[in-house]
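So the structure is just underneath, and the comments pick up after that.
Which chain is which? They are A, B, C, D, E, F, G and H, in the order written, and residues in each are numbered from 1.
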């Protein structure tokens, strides 16, 4: 029973559509469910949608396809929406074998199966990417934000070395309620974007670059040291995390 | 002319309290002001309050007391609210010599002079600190957030090694619209807090610790790698930045 | 001749079951054995079980399958229990070719052949793992501790972002005499666990994570900077080492 | 009410020395005490001695003398034993002003006031130091372990460059139940010590050294990579932490 | 004899103003001078002006005032222009004691004594600084470039968080033949500047910042990873080096 | 319409070869072209040749062959010269499938198609490489500089451990207007070269080396700390960037 | 003409076996040879044997098999001894195709072809290795030292965790004139060895280890910080370099 | 009794100057002396001169003046030569108070008192320094080497940016039996020196530099990655260690 099911039940009780005996029975059933399902190698948090507005998301990285398939079956079996991140194709195939209708977003490396209505965010989330090579991370962010109930706009290949590409799009920057900025190399784009808007900017460094980019450290440090004070930062390549935070903000 | 002054003028025009000729004159005057005042060593952004809701804030670190006093005089002279961060006592003395009514918050190391009405944020910002040693950073965050028009609550010395100190305060966690978590050493507190709430968490690593804390790197890395997906991070000891972002969110 | 064989011999002498002439002969034989067998590329320490309670353990990493097979044959040929860590499947195959009864634990990547009675530890060793991806390291620890004569309990997927999963298992935490905590990412779990118990906690950072986890550095630093004072740390992914220390403690 | 006071009360009830009414009253009083005393800037854990066998220890580093004096007064006022680590002389003076009988151990930089009987550890803790410069950390460990109820032996200036200094003391190594090894520079001593004994070794890297010792990183890495498998490690210069763990082990 | 003195002599010979006997005598005298004057602790390169267009410059850092005074006397005694960088006030005082007419530029921390005509560079060198705190490094660059015979323009406090401050000055960017960009924190300014011009940009990271700026590493990495391909980089805080390179380019 | 086409058109107008009506039409057509072509995943900057003297260059690294082929077609379709860097063979094959006449330089890993006249640089660019292993980076620099309109000389395998190999070639060093020095390992060559010449030196660290070369960090740090003041540095392995800067200088 | 050929020629002149005309002719021929043979991608130093006692050694790493084969042919064609380090098998095959008698040492990864008499070193070089996994580096050192004319002894698998394995071999340590110590992990062995002898110790860190060994950094730092003052260090895995230095010393 | 005293005694026995009874008595006395004098905080190794040719040297760094004075008195009291390194002036004053004739070398920061004849090294040790700022480390090396019985030459301020300063001194390079090269910044000098000679080069990185020199890391890495194969390296600023190794080599 998630938050909207609960609200609906109480509304029905208040309006007399459901009597208190039936309501009591349903609530007891819900409470009887174990909040964590222990698969031995994993504990699935079935109350997360209640607590945090979206069901538990599975990080594919470091798990075997078989483990993810078992977790996915458990989550989807309860009627929850499934989201697996960092999923290679073979992981999708293992999931698809047990969940026929699961779909795969290859650039974003996401497996998903939408089963619940998700509350809609209040405004628009804009995902900005500095370069073409940052697209996998940007798409992970954009698709995740969409799945979490947000309107998402994309603005790609507007790195700071050609600042007019960004300035030409100021209107779209101004329309966003939250902005995710994805950049590798020197990671300067969030500073410039944040200086142009008055909404929170979530910066995602990417591991794109070579030599002294050190797998994204240069971009990460650039973003942490942003001279613009509206920028907060997530882990390197963590498009999912940025989308999750942006969605939390957009649902306030 | 800041955003609320502009809105007020337009309202007066609409209501007939101000005629269009007068309105035009005032608007032209405002546009005639140079948006950046160039002091040679610094350019002060007088339109920032219009663009971003709060006047330009002065980072005291790396500037001389004389430079900060001159900048402060320029900002306050336009009727804007003054905020100087990372200000040692001697910097305050230099500012006070030119701005009698400026006040100093020693734990937070802030100089301030409130002169404008600031729009109020929608909910409560909770500042959580792991240990007593993190207070200077936590207070920089809390005082900044207050100056930016937010209700601020404080919850200090609730580090993860005594988890019940935090769990005892779940009610206060639940009441916040945005949470700032300040922690040094292993920086684990944001992960735990984020797992207990459904609002955005801004994590501030502090340079508190010794040995392998490396001046806050351990806490910074801990927060960037948080297994809780609602955490974004600012620079080490950057209480001001965290408050600024929290305030942007709380004003959405 | 290991410690228990020696004790048994002396007991038999004391009780008259073995006469002193026979005992002298056996002891001289034992002393005549070379304590180190030099294979040229490796020196095998045959007295280690006497000195440290468990025969020499072979680190498979960096050795060729042929080298490990030769070492294994030498160890097992003396009647000692064999334990090879970090063993890929092909290494097991090389060992199996010379030691038919050797077995392989694939998740833990261990080759083993139990041949001796090992003294039992006094209490229970609990192996706690933060996430599903930490299982290979957790299993290396759990299986090693079992081979070294300890009762081992497992508690997996109880990371700090869902703190109730851990708090629900406080009874099992309280039952342990030593606790091994395995965690990647921010490595915060040992701090929380240590705050809940009064027994030593051995923390094992894992290389699980991405971006700023830097192959386990973030977890390692988090554990070294633990605000809980009962935590000591071993190398990244060193499940074996943690088990060895926990076993030494549990045999006190 | 700590663990031994509780046990004593129950014994008296059982033997009829205290009637149940009186016992009930005393227990209710104890439960009525707030487990955490909130000083605003610090929460003092008064139940820690019950949970972990020793009252909460105060880390002086990063706190002001006034804060530490207030915390010390609160702890000592409940009749608990006081221990403040990393205390400079001026901090001691602030504490002494409110707690006349507090004493100061200058090499170990500890402030202490013993007020409770502490349970004795089962065996001997040996503190080994590689060089003369490591003494402050070694003494922090040794004095802490003594305060926590352990017999402590010291073995100083036995670094690996003159291996016979160590080998000459093998008897004392063999007598210990737990060994703390303190070393800076290359941090090699724990590996050698661990190879000579069959008890757990807690290694403490120190910041002693220069150049590529990087404030203790070289020693820390050396210890984490120890080829001896009975070594676990605490933070650089963390003599207190090592003693706390050693004491936990020695009290098993 | 520097390059222009040589050229002048040869011109005079060609024009008959100086006869070949006199020219021969002068050239032999010049060749007889030792190209390096060995002071024991320093070897002064008196032919550097011939080889590289400007006399040897003295890095004050790491030398004692007495050493610098002796070197300065040697350089100035040959009629060469003196330039000492990274000079604290007390170093200037030691130099002034032996060279009355030496002057001191305190913000730039330079000691200088102009004695020779320096060839003029072909165009303008523009020194751009991101923030007020970067001024010491920017002034070291600007004053050095002036001393080396270049027209220098300054453009300060135009960091990327307020991009219009920079765009408003595009005309001045366009007028430069070489641009030096000085920036701390995230070091993003050179990328933006380079994207707006078609001349070489020399980037100077500064140690301005805190926390994860790591004394200028963040800015340095940002600049090395610039997505604009016209940026080359010098050491952190190396204003002198940037000016020297810019001057070499401007003299082509 | 690039800079030379524009100049030519205006010359023709001035000389009467083209009438103003026709000129106006051509200029309007040029202005009507969108300066950035947005392919969704990439925005191609068609005015870059006007602004910076050479069309936009495509960094192959991190892009898919299909993306690069689409971008290449767009660039070449406008009649611009194509340059793709860091291109593996399969990327070339994808480009060749759509642009028959594109050629591939395998050592330099460049795809190119020359379609425009490029302005010639004023002097010679010398590319110096320390060792045979540095050739791929040196060739990337040399071929890029040639494509950008410069005379290029090569001087390879003249590392500092055999200093006479370099000194024997002083004549060629003296002939250059700009020098690119490519070196891995300790990266000492630029310091020595810069001390021998009076022209700017662009240093390129390479990732050649092993162990403590850390993928080029040792060379990078060596170059940034050069005791010769005429050296500026680009990213590790960034032969293209060095050539671009050298070309900008050589076109002054 | 190498040093011994030169000495022999002069002896023959002195003894009258060769007349001065013939000697002059031979010397002129030798001087006429170009000291560096320029293959374009490599310059081969044919006088190195004269200057440094052994012909130029080829580092295979980073070169193509074809390049190495060409260089090998050039070196061997002059009658010099060939030594290629870091040579994979396919490189050997390319060399063997042009130099039939070249041989390959697979553990040491060396290609060699002995063609000259090398002067013999004065004493014994002992190569000590901590573990079995260090053998490739130890063998690179041992085989190189043998090729350079030294008597070499090997002492393998004597790591510090079992100190008696080393102490049992003190006689062999005492017999050496120079000692090379090869160790990974914590790199403690050189300190212990150096404390037992009075000859120079060359320490070679290896990349053996995992986790916080960071590819040999832990061992490198351990060796640089050795508390024994007779230890100098070469690059990680640089067995060749250690042997070269040891041989230089042994030939003094 | 040191090695020369022992040899002298045996010679006297052989020649009949001392009878065997007396010799036996003296030898027993010597053996009765404890090889390590345990001062509690330090163990002084009185047999070191026998084992390693020079008495134990005291590292002043990290010890208190009082500790060093006590150690110095113990060493000098046995008639051994005293050497204290890294000694600030106040340490010297403490030593002088107990050892009137101890002398202080301020640039080298050494306290010394020569009391024994030290065996002379076979050749000359040359100490080369790159810059004036490297002198404290160079003098530590040079003075130490002199005290250890070696002829020492100095060659200072010959950094690679003015390569002719070094090449002019090739004769002095050629005269040395061992060369110590001291350099900060990029640390390139050892590579160049080693390429010019055929004797071992001991490289000492110094902490001289700023910015990306990282306290000597740049120089250290440069030296470890030297492309010249005759270079081994000691810790940053470790002039003493370099001298000790050079002396060991020079005494072979």
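Keep in mind that, in the parts below, contacts are C-beta pairs under 8 Å (C-beta built on N, C-alpha and C of every residue); 3 or more make two chains touch, one makes a residue touch a chain.
A quick note: this is a predicted structure, and the numbers were derived from the prediction, not measured.
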Superposition rotation for chain D onto chain H, Cα-based, multiple of 5°: 90
Rounded Å distance, chain D centre to chain G centre (Cα mean): 51
Interchain centroid distance [CA atoms averaged], chain F/chain G, Å: 40
Rounded Å distance between chain A and chain H, as computed from the means of their C-alpha atoms: 62
Per-residue overlap in chain B, given as positions that touch at least 2 other chains: 131, 162, 211-213, 217, 220, 224-225, 229, 235-236
Chain-chain contacts as defined at top: A-B, A-C, A-E, A-F, B-C, B-D, B-E, C-D, C-G, D-G, D-H, E-F, E-H, F-G, F-H, G-H
Residues of chain G defined as touching chain H within the complex: 51-53, 57, 122-123, 177, 197-200, 202, 220, 224-225, 229-236, 240-242, 244-245, 248-249, 252
Touch list for chain F against partner chain H, complex: 130-131, 159-163, 167, 185-188, 191-192, 194-196, 209, 211-214, 217-219, 221-229
Residue numbers on chain B that touch chain E, as the complex places them: 35-36, 38, 40-43, 45, 48, 59, 61-63, 67, 71, 86, 205, 207, 215-217, 220, 235-238
Of chain D, residues touching chain H in the complex: 131-133, 135, 156-158, 162, 164-165, 168, 184, 208, 210-213
